[in-house]
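Each structure below is given as structure tokens.
In what follows, chain A forms one complex with chain B and a second complex with chain C.
Take a look at the complex of A and B:
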């Protein structure tokens, strides 16, 4: 699985986030205006759809940056 | 005239319970065993099935497997004794916002929440394993009828879909005096709620529970009413849906 591809999917999952506006080092929980519980729910579902990985809410919020999230998914994925 | 203490008269009747290993299904099993009913229980976790079976080994037959597997259903239908009722309690809930709802997840949820109980019931009925005067209960959800929530499009619609089945087969099966009803519980404290807490924060759950005049329910709250629907005391009730939700739908 590829980081840039993940960044685009991340942007898509969250409402009103401009394409190509998210960097891997973004602290998405604190520095993303559009972050809310719906964003979290959509992200979890997107990760399940795209990577066949089911994360818990706790696992998601343990990630400080988008890159950490990417690495977590990668570690649980077979792809 | 004195009332017989055994109001329900369900002892020594045989009931098939799906989703028997946890939550509402498990609570129904425990209650029915207290009334000395015979049980045919289905679930995916063998050790949990055995826990129930060990409470009354002579009264319980256990089938371990996945109801989305047609072979498993066929095995149950071929080998089960005749039954006097069914409780369809097996089901899954996933929070998937509509924007990212995939066909794969729709299929997953519908396979167990909707297609499996239909297939199981239809096979049991056509193979004449459901006695006359039986009672079939589908566990639906208030999200299927009154109040849904963000992320529940697939779950909620799979539960609403059951109402069409209930209405229609209650008419068709009436000639055998087989009754068909559904129960729509509000939020009940089960593993399904624990799973929800993986996705929804604890504070939101507390906030949600405060919207219930009588708080969240327990599996026993649903089991108690299910026992009544299984009993011949409810013999004139068919094609109906029962909201059991601590008053949530009224607000």
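Take a look at the complex of A and C:
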């Protein structure tokens, strides 16, 4: 899996996020305006659909940046 | 002959909360997002003086009237709620009296949420099979609105109040292949923390319903496919053999993800959420009743029911018509 591709999927999963506006260092839980429980749900669904990885809520919340989330998924994914 | 659901009736409070109402109160809340993601346009909400016992009585009276059920036939009441009128007495006892049912019958409450209907079916079946009862009145009655803070836009968008009454007796169908699950480790993720005997109400957020949506969602993605697999293993059936799937109607987005993950075709997957919202233990009987009325269930059909949520608690079974 590739970081840029993940960033675009991340943007698409959370609605109303401008394409190409999210970078790897974004502290998405604190600095993303659209972040809420519905966004968390759609993000978990995207990760499950695209990477066949079911993250727990704790795992998702433990990630500070988008890059940390990307690395976590990568470590759990076979793709 | 087996043990089956003979009839289902329901009651929805008159008060309606629409997406328009919500967007007036929460101008920052994108209404399309609620409609698209949650699949909910309106919910029925109890009035201030309307309680779970009132809804239970109304749903039961409707059952007696619509299906010509004699009050004297009922020999056990099982009532599922997490919003009882009192700590004590038992809501089912209050309901027995208000309905004018016989006195030589059993009546119990049990406290479960979104998995409640499955557990209620399991208990009803066990009572009938062991000759302790013949006609069980299984009631689900929930008023989460009483637990939700007025300015909690997420939960007010999701939950609606409702009650259902089912008559469980010997009949043509069967209820089989039960599978249950429990993980109290998730209890803090969907909770009304204060107001029980451990923590008094103290005018903080903890006095109200709290739901960690992301954690509940990932719990669902993990456990629901397992329940489905266990039930199929027990029944020696495959996904294709099931004629209709009725899952707890949590929200449309969650259901759609589960459907795709399990590779269930759209025409075998029932939705009943748009005009009622997530009614907790009543979602499955409401959907089942609607599917039946719309001729989506025929003789000899196999319908899989799966409930999951607060506790965590989950479970499922197959109804053979």
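Assume the second predicted complex is superposed on the first by the 79 of 79 C-alpha atoms of A that agree within 3 Å, B and C clash if a C-alpha of one lies under 4 Å from a C-alpha of the other, contacts with A are read in each partner's own complex, and residues count from 1 in each chain.
Assume contacts are C-beta pairs under 8 Å (C-beta built on N, C-alpha and C of every residue); 3 or more make two chains touch, one makes a residue touch a chain.
On a predicted model such as this, the values are computed, not experimentally measured, just so you know.
Enquirer: Should A:25 be classified as contacting the first partner (chain B), the second (chain C), both, or neither?
Expert: neither
Enquirer: Check whether A:57 is in contact with chain B, with chain C, with both or with neither, and answer first, second, both or neither.
Expert: A:57 contacts both chain B and chain C.
Enquirer: Quick check on the superposed pair: does A:16 touch chain B, chain C, both, or neither? Answer first, second, both or neither.
Expert: Only chain C is touched by A:16; chain B is not.
Enquirer: In the overlaid three-chain picture, which partner chain does A:2 touch, first (chain B) or second (chain C), both, or neither?
Expert: neither
Enquirer: Of the two partner chains, chain B (first) and chain C (second), which one does A:42 touch, if any: first, second, both, or neither?
Expert: both
Enquirer: May I ask you to name which of chain B and chain C touches more residues of chain A?
Expert: Here the partner covering more residues of chain A is C.
Enquirer: Same chain A residues contacting chain B and chain C, which ones?
Expert: Chain A residues touching both partners: 37-38, 40-42, 44-45, 48-49, 56-58.
Enquirer: State the interface residues of chain C toward chain A in the complex, per the touch definition above.
Expert: Result: residues 30, 33, 37, 154, 189, 211-219, 221-222, 253-254, 257, 260-261 of chain C touch chain A.
Enquirer: Could you pull out which chain A residues touch chain B in their complex?
Expert: So the residues of chain A touching chain B come out as 13, 37-38, 40-42, 44-46, 48-49, 56-58.
Enquirer: Which of the residues in chain B come into contact with chain A in the complex?
Expert: 94-97, 99-102, 104-105, 150-151, 197-201, 204
Enquirer: Residue numbers of chain A touching chain C in their complex, please.
Expert: The touching residues are 15-16, 36-38, 40-42, 44-45, 48-49, 54-58, 60-61.
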